[in-house]
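Shared chain: chain A. Partners: chain B in the first complex, chain C in the second.
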Partner chain A sequence: MDKQDQGQKRQDIRHRLRYIKSLPTLPPIASMLNKMVEDEEMTASRLGSVIEKDQVLTSKLLKMVNSSFFGFPQRIGAVSNAIVLLGFNVIKTLIVTSSIFDVMQSSDVGLWEHSLGCATAAGIFAKRHGLKNPEEVSTAGLIHDLGKVVIRAEFTKEYEEIQNMVKERGISMREAELECLGVAHPEIGGWLIKQWNLPDRLILPVIYHHNPEDATDFRDIAAIVHFSDILIRAVGFGSGGDKWVPPLDHKAWERIKMGKGEMKEVLNELDEKIIELKDFTLRMQQTKGGAGE
Partner chain B sequence: MARIAVVAPVLFNRQGERLFLEARGHEFMFEQDVQAAVEDIVNDPPDLLIMQKGLPNDLDKTVIQALKDSLQLALLPIILCISRQDLTSGMDWGEYRVDDIIFTDASLREINARIGLALERTKRVADNNPLTKLPGNSSILRYIQEVLDARLSVAISYVDIDNFKPYNDLYGFSRGDEVIRMVARILVNAVREMAGAKGFVGHIGGDDFVFSTPIEIVRDVCEKIIDDFSALIPLFLDEKDIDAGCFVGIDRRGEKVTFPLTSLSIAVVRCMPGRYSHYGEVAETAAQLKHKVKGMPGSVYLIDRRGQNNGDE
Partner chain C sequence: MQSIPISLAAPEMILAKAVKTEDGKILCGPGVELTAELISRLSKSGVHVVVVKGHPVQMPGEKSLAEMIKELEERFAKVKDDPVLRALMRLIAEHIIEEAKT
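Then we have the complex of A and B:
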């Protein structure tokens, strides 16, 4: 693809993003939430604790609260705060009307687990690092690969092509995306959430999660997401879509660098949380079905 | 000119019909996919919604209920599109809380008339505050008087935002509006979640609100409101002010003055049957309490002790 073609393609994709109505949510989460909203005793914060485990529902919730109607554009980056402002009814409506995947592929589960793991790691680092809103950093980790969901849902033909390229030529997903679409998932995800008025504290880390030092602002958050992404792949939880662990940006590592002792503590904490996550995702897959059928 | 969302596949099938209505100056959004439509409606509410009865999975009912239950969207007029048989077999209007109906085979002129009527009607009802869409002063007065007349036992709570004026002066009115909207949403959601249909929230104006709940839960509601407010307010403040722990402004004489950061004060009046007979008495007790609670630093609530026979005032 030459430069001009590439520019054109990028523009086309950006244009198409404007008309994205709904992104698919994983059926196990959707059916669990559907059951939960039937429960009279249910509270918004309990719903929230499940919503914040799904990258698509989380981004939709943030999209709503940051929309011009609710009047807080670019302010709210954490699920718990969004829930306080939106309230039970709106959240219920969001759940009832969320579109779900009719077929769940193993790649979706893999990406979901990867995102959850990255969110968990990012939260741990943010707390250790003394950042003010660790929950937002965790959100940034959760939605960092939203672009991959967009490609799978909206660019079906290209998605297949990208997967074939990854398999046959052994290249990374990001390389394949660049070759096929002229733009890769970090930028696509970033464009979408920018259009949804999410705060820059989330947008920049999503766009720059592979090259955090290029971010104009919030480099510390971008560095944490970058490193969490790599770490969770190295640990082997979930799947990012290819077998490659992305290269580490050493400058970003300098930014969040930890001593050996501290790193060991982080890994122990992460290990424990991953066991809980694994338990959750397995339970989810066993309760598969329900709302979708 | 109004924005009208149409989720009714049976209406306006012909190109000419749509043109006819658009020529009346309205903007129509035809939604094919109900799920996407709901997202659109919640994100960017239209002025009127026309919805078909009998959508799959009872989605029509669910959506109508959700919209009418949401205090901010309850005013959005909904016209339900039904068949003549629906009317013969009987409709449960408690279940379909819509503002008007129209038959699937209605003529264009009729549709047009219904739309015009629905839009005019909403203009007439609007006592609601334009910023928060919450019921305004006359609705609040009516509500409290009704509670007193019915001899119900409720807690009426008056809320205001401390140091809102310096915030507005320093940050500008559009960010001041954000804070007011935030408080409105916190109140509505806390009261809805904890008191359900027994709750009420109104917006007196500016930074003054009123809410009502059963007396037994008012303490919990106040605590939730203050917790939520404390979690959210930092997002509406600049980092330098959070770090300094106060606002720094310049007064009329050009001298530097500092104000405490924005917080909430809640004065709770317990209305037991027979204690008050007129709205004004409730407001008077509230004013006295408010004076006390305003003098306390940070976000606080104060419940009136009168009538507890424990000697304290």
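Then we have the complex of A and C:
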């Protein structure tokens, strides 16, 4: 594909994303919540009570916030508590992405596990580096590969081609995406969550999770998501579409690097959490089958 | 140490790690010997996976240590010239070997 073709294709994709059909778009409640938070007198309990009117969403939300990657020692039983503990950005992201997670759970368990694993690792690093909102960093990890879900659901023909390229030529998914679509999953995911009005501290780490130093801001979060993606692939939990550990950005590594001893501690911590995650994904899949959602 | 689905747990196996509920409450500490009654209670509480000592169950598709190391090396095939990632690979290999011993 020459440069002009590639630019054209990129434009086409961007256009198609605006009228996306096979992926659930922003639930109406999310735009309502957006307006509500602009109100300065809004409280967590009032916001919580609006969300709690939707029972299915509430139960999904509470399952997510109580899962092991956020790692709260006590059960969070009310949405308003979740808003206070996790912050509105995280809750909003979970709301707007909950339907995408449904798609992931049923169509691509490997990618779902990879995303949960990346969120878990990102949470561990964010806490160790003393970042202010570790839950938000986990959330960035959770949605970092959203673009792959979009490609799979919306560009089925191209997705098949990409998979064949990975298999036959042994190139990474990202390389195949660039060749086939002229744009890769980080950018596609970024476009989509921009449409959802999520904050830059979530958008930038998604767009730059392969090249965190190119981000105009929030490079520390981007660096953590970048290395978490590498680590979770390195230990072989879940599947990111190809089997390879992606290249490391050394400048990003300088921001978050740790010695052998600390890294060993991280591996042990991650192991424990992966056991809980396996339990979590099994439970989620069973509830899904059981309740016929 | 082996992580197994609760359906394959059997009496006399010994827990290597605490069993927790969905809310993170500890149901059973490490070192406890499983009984039929305990397994049924854990299962009713919604527990899906337990971690037991030794390696009591031969799981279908289970990998040997050599296979796990080989797969680890394959995952790192494209980045093996990176010294930081090479060190990470060695560390994970050590970790896998240590875990297999316990």
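Note that in this section the second predicted complex is superposed on the first by the 197 of 293 C-alpha atoms of A that agree within 3 Å, B and C clash if a C-alpha of one lies under 4 Å from a C-alpha of the other, contacts with A are read in each partner's own complex, and residues count from 1 in each chain.
In this section, a contact is a pair of C-beta atoms (placed from the backbone, for glycine too) under 8 Å apart; a residue touches a chain by one contact, two chains touch by 3 or more.
All values derive from a computational prediction rather than experimental measurement.
A.B. asks: Determine, under the contact definition given at the top, whether A:Gly236 touches first (chain B), second (chain C), both, or neither.
C.D. replies: Only chain C; A:Gly236 stays clear of chain B.
A.B. asks: Examine A:Thr43 and indicate which partner it touches, taking first as chain B and second as chain C; both and neither are also allowed.
C.D. replies: Only chain B; A:Thr43 stays clear of chain C.
A.B. asks: Once the shared chain is lined up, is A:Met64 touching chain B (first), chain C (second), both, or neither of them?
C.D. replies: first
A.B. asks: Report for A:Arg75: first if it touches chain B alone, second if chain C alone, otherwise both or neither.
C.D. replies: After superposition on chain A, A:Arg75 lies in contact with both partners, chain B and chain C.
A.B. asks: Give one of first, second, both or neither to describe whether A:Thr93 is in contact with chain B, with chain C, with both, or with none.
C.D. replies: Touch partner of A:Thr93: chain B, not chain C.
A.B. asks: Applying the touch criterion given at the start, work out whether A:Glu254 contacts chain B, chain C, both or neither, answering first, second, both or neither.
C.D. replies: Once the two structures are laid over each other on A, A:Glu254 reaches no partner at all.
A.B. asks: In the overlay, answer first, second, both or neither for which of chain B and chain C A:Asp217 touches.
C.D. replies: After superposition on chain A, A:Asp217 lies in contact with neither partner.
A.B. asks: Which partner does A:Val84 reach: the first (chain B), the second (chain C), both, or neither?
C.D. replies: The first partner, chain B, only.
A.B. asks: Which residues of chain A are in contact with chain B in one complex and with chain C in the other?
C.D. replies: Overlap of chain B and chain C footprints on chain A: residues 68, 72, 75.
A.B. asks: In the complex of these two chains, what residues of chain A are touching chain C?
C.D. replies: 66, 68, 72-75, 172, 230-231, 233-236, 243-248, 250, 253, 257, 260, 263-264, 267-268, 271-272, 275-276, 278-280, 282-283, 286
A.B. asks: Would you mind writing out the residues of chain B in touch with chain A in their complex?
C.D. replies: 33-36, 38-40, 42-45, 59, 62-63, 66, 69-70, 177-178, 181-182, 185-186, 188-189, 192-193, 228, 231-232, 235-236
A.B. asks: Of all residues in chain C, which touch chain A in the complex?
C.D. replies: Interface residues on the chain C side: 3, 17, 20, 22-25, 46-49, 51, 71-72, 74-79, 82, 84-85, 87-89, 91-92, 95, 99.
A.B. asks: Quick check: in the complex, which residue numbers of chain A touch chain B?
C.D. replies: Result: residues 21-22, 43-44, 60, 63-64, 67-72, 75-76, 80-81, 84-90, 92-94, 96-99 of chain A touch chain B.
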